[in-house]
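Lettered A, B and C in written order, each chain numbered from 1.
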Amino acid sequence: MTKSVLTAIGAKPLPQDTHSCWSCGSMRAAHFCESCGKVQPPVPVDYFSFFGLPPKLNLDVAALEKDFYDLSRKLHPDLNATTERAEQEWSLEQSSMLNDAYRTLKDPLKRTAYLLHLEGVELEEQSKSATEQARATGEIKKQIVPPDLLEEVFELNIQLEELRMDKKMGDDDPALIAEIGKQKLALEAKHEELLQELQTYWKTWDGLIDRSQAGNPATSEERAQVRNKMVDVLNRRNYIRNLVRDVNEAMEN
Amino acid sequence: MDRIVGIDLGTTNSLVAFMQGDTPVVIPGDDGLNLLPSVVALDANNQPVIGNAARNSLIETPERAVYSIKRLMGRGMEDIHEELKLFPFRLAEDMQAGEVLRITLGDKTFTPPEISALILRQLKRSAERFFGGPVTKAVITVPAYFNDAQRQATKDAGRIAGLEVLRLVNEPTAASLAYGLDKKQNGIVAVYDLGGGTFDISILKLHDGIFEVIATNGDTHLGGDDIDNLLITIALDDIRGDLGLDLRRNAEAVQAIRKAVIDAKITLSSQPTIKLDIELPAGKRYRREITREQYEQLIQPVIDRTVGPCKQAMKDAGLKPEQIDEVVLVGGSTRIPKVRALVKELFHREPHTDLNPDEVVALGAAVQANILGGGSEATENMLLLDVTPLSLGIEVAGGVTDKIILRNSTIPASATQFYTTQVDGQTNVAIHVLQGERELAKDCRSLARFDLKGIPPMAAGIPRVEVKFLIDANGILHVSAREQRSGKEAEIQVQPSYGLTDEQVEGMILDSFDNAEEDFRRRQLIEARAETNTILTALEKGKKSAAWGQLTTDEKKQIAKMEKALAAVNAEEDYQAIRKAIDTLNQGTMRLAELMMNTAVSTALKGKNMDETDLGEGPTAPHPMAKAEFE
Amino acid sequence: MSYSDKVLDHYSNPRNVGSMDKSSADVGTGLVGAPECGDVMKLQIKVNRETNVIEDAKFKTFGCGSAIASSSLATEWVKGKTVDEALSIKNMDIVKELSLPPVKIHCSVLAEDAIRAAIGDWKKKQEATAPVAAEAK
């Protein structure tokens, strides 16, 4: 993940109502007691609720980190090492949940995938069901990612294979290296673009949530529409991510 | 509040430390030294000897001694081929594959946790001497890159030694705590820890007292030992070539060479050359001069092996060398100038070496012990957030590893998986848990096989068993399961791949917890009585010396009275009374000691051979009846 | 639950790796991807115009071991089959043959997709160049 995107997201402050929810302590009190500090038995909640956040995608990562540290100071087993056995168990469970939730929410892509999961999207299943549909109708399956992207991915992989082969043989092809270096920059730019695109959908999604909270619930079509767009970005992004990784590896070795 | 000590259980040396007020201090052993060599031997009576005392037997009776046992912790027979080639570990002859390793010392066998427990018990005793009371709780450090089995083995060793291990702390993180204690600053810190047998690199983010590990990497079989073995191999080859002597199977000679090359290695960190001169069997000698330059060329391949893990850790942390604010060196091997140069090159900055690299891990363990015990002013707001060094996975059909908790996840961390049955009425499901980064299960480390039992019989695919994997703050895995449709807790049977079962550990416990007080008292009594013997023997010698004649009759009477009093309490069971009587006698014989010293000095000045004069313990001891260090 | 030797064999000795002339009229090319993991697979078939039998198949896959093994197996299977027979290969057949684990099922899906895509491409070419042959189908 590039830093710039994170800070761009982080710059946007949380809406006021989230803050007031924090200060009234309704969620935190579920993790530990405000007055005596004792860890409470864990309650199964989703990661957003664990931090007392609405299921929105733009979130203040710096504030999340601060909350993570503050909660760690209450829930971590090291600070509950001399308590009763049951409290130690709760502390272990609460802090593992805190860590799992923080790890997921701080990363923009994991956060998006998690929200989609909460929405019932199984990213792993999409290709399989599309294939089953194609098999039943006898039609050619529509690829989930655009064909030109596939073509590009394939060609670049061929070049990378050449580069690796050259290196193995001790040969050096400056033209090839320069070409791949150029592609790498293009890929990184594309990755950045995808994340920008994703953020526009975040905004749409968060708007729906705000509207719902204001008493005007979004229709299931509206939700599905923005959901599908996010799924599409994540799918394309997987290819770009792999390519950036492979290019870097091939260039390094 | 119970005292909790911090222990660095090292490959080469071990230490115990404690937070005294605001500062962590290392507790010396009964020889007054901070470092306890991690060497265990059996004496002629089959009694264990630990530390410096055991070092001699490495050369004299190598078949009764063992060192670097940490290399075998939590490992199986199939993964120690390299170790067996390079270290004089003697496996028990009846060892079976899949069994916990057993090492032969003399005619007895010990598992690695038992040998480690002997070292831990020695440290425990040092701490008990220091406090004058029992010590039953400890924080023990482990290499950050230790896997679950190695961690479990270390915890077992603690239990066998009679210690409740409150926390296993990663060595580099412990070191950062010791450094962070007086610095209290924010920023990114890299800890490069090259010890006797293990290498770790950890990258941490320090933020207002929170020590958050972002990435860690390492090699649990890379350290000073490897440099020693390289030098030993070269010497053995030289000797075979030049002198026609094949000493590879001569354990005594190999240990003598080992000692010489270790000394050479240490000297070469500060001197430009060293002359090796080793006495060999058959009246031969091995002489060779090594320059630092030659030495550095030799060891380059070994220290280069630390580069990959460092780069990987930076990559995992998403950081470039320029973004790292401080680099801290830990471990004795970082005294090698070439290692320091490499670190400087890797991280583009001069590393910190303010704290003794041999002690900093133990000091950090003491800080963590203090935090666990409720903290103090010095550790207020300090909290360590560590990570799991290796991904945790489960084997799925086809022999593929399905990763469920990725490496560098902050611990405690958890993951939930759902299992079902494949046959109607099936009541058991087998789960194979793995640790490692590779795609195929066979390339990962097998941690344990779990058998989920007691699933209510249903049609295939209907049961939904929720299995929760949780890595605790020690980096150790816990597994629990529940069948969701019936709500029934499924029973889990664990077969650790390389570990001891609970029952086995129980059977090995050296000092039982329940008897901690009694054991401590009995040991103190034995030690006090031994001291009585020492002081009375010294006094007998003193009485025969010329100095005795210089005492007044009254002084002699006083001494006689004290002597009698000591003899009397010595027959009783109260070790504190014995100590008191020893102290009194020590005070009372102070003038005698001074007189003997003066005699010794004047005799020496007159040019007489000191051996001719009866000096009791002689002038090397300032007080012939000097009492042992005791608080 | 030991790892599958068949996967390993197809992984370490993949059959039919390579490529054919994409522009040739009797060659069908399928290029497909699995978005779950970012793998890409290219599978090509050479079909006898008289018999509709697939005479040769080649593939090139960039991805994990299971994806390579799945495509290797797919090329083995389609060779000698008629186009219609080849269309009956289902991903679960590959899963069974290679004992693919649930997390790798998408690799088998990819292989089935590749077969369908290659045949689709070939059919399209036949429609364009030889309408008679297409009608015959």
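The criterion applied here is as follows: a contact is a pair of C-beta atoms (placed from the backbone, for glycine too) under 8 Å apart; a residue touches a chain by one contact, two chains touch by 3 or more.
In this text, all values refer to a predicted model and were calculated from it rather than measured experimentally.
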{"item": "Per Cα centroids, the chain farthest from chain B", "value": "C"}
{"item": "B-C against A-C, pair bridged by the larger set of C-beta contacts", "value": "A-C"}
{"item": "Chain A-chain B separation of Cα centroids, rounded to whole Å", "value": "41"}
{"item": "Inter-chain centre distance, chain B versus chain C - centres from mean C-alpha coordinates, in Å", "value": "57"}
{"item": "Centroid distance [mean C-alpha coordinates] between chain C and chain A, Å", "value": "33"}
{"item": "Chain C contact footprint on chain A (complex, rising order)", "value": "123-124, 126-128, 131, 134-135, 138, 140-141, 143-145, 147, 149-151, 153-154, 157-158, 234-236, 238-239, 241-243"}
{"item": "Interfacial residue positions of chain C with respect to chain A in the complex", "value": "31-40, 42, 60, 62, 87, 90-91, 105-106, 109-110, 112-113, 116-117, 120"}
{"item": "Residues of chain B defined as touching chain C within the complex", "value": "395-400, 402, 430, 432, 439-442"}
{"item": "Touch list for chain C against partner chain B, complex", "value": "1-4, 7, 64-66, 98-104"}
{"item": "Sites on chain A touched by chain B in the complex", "value": "1, 69, 72-73, 76-79, 81-82, 92-93, 95-97, 99-100, 102-103"}
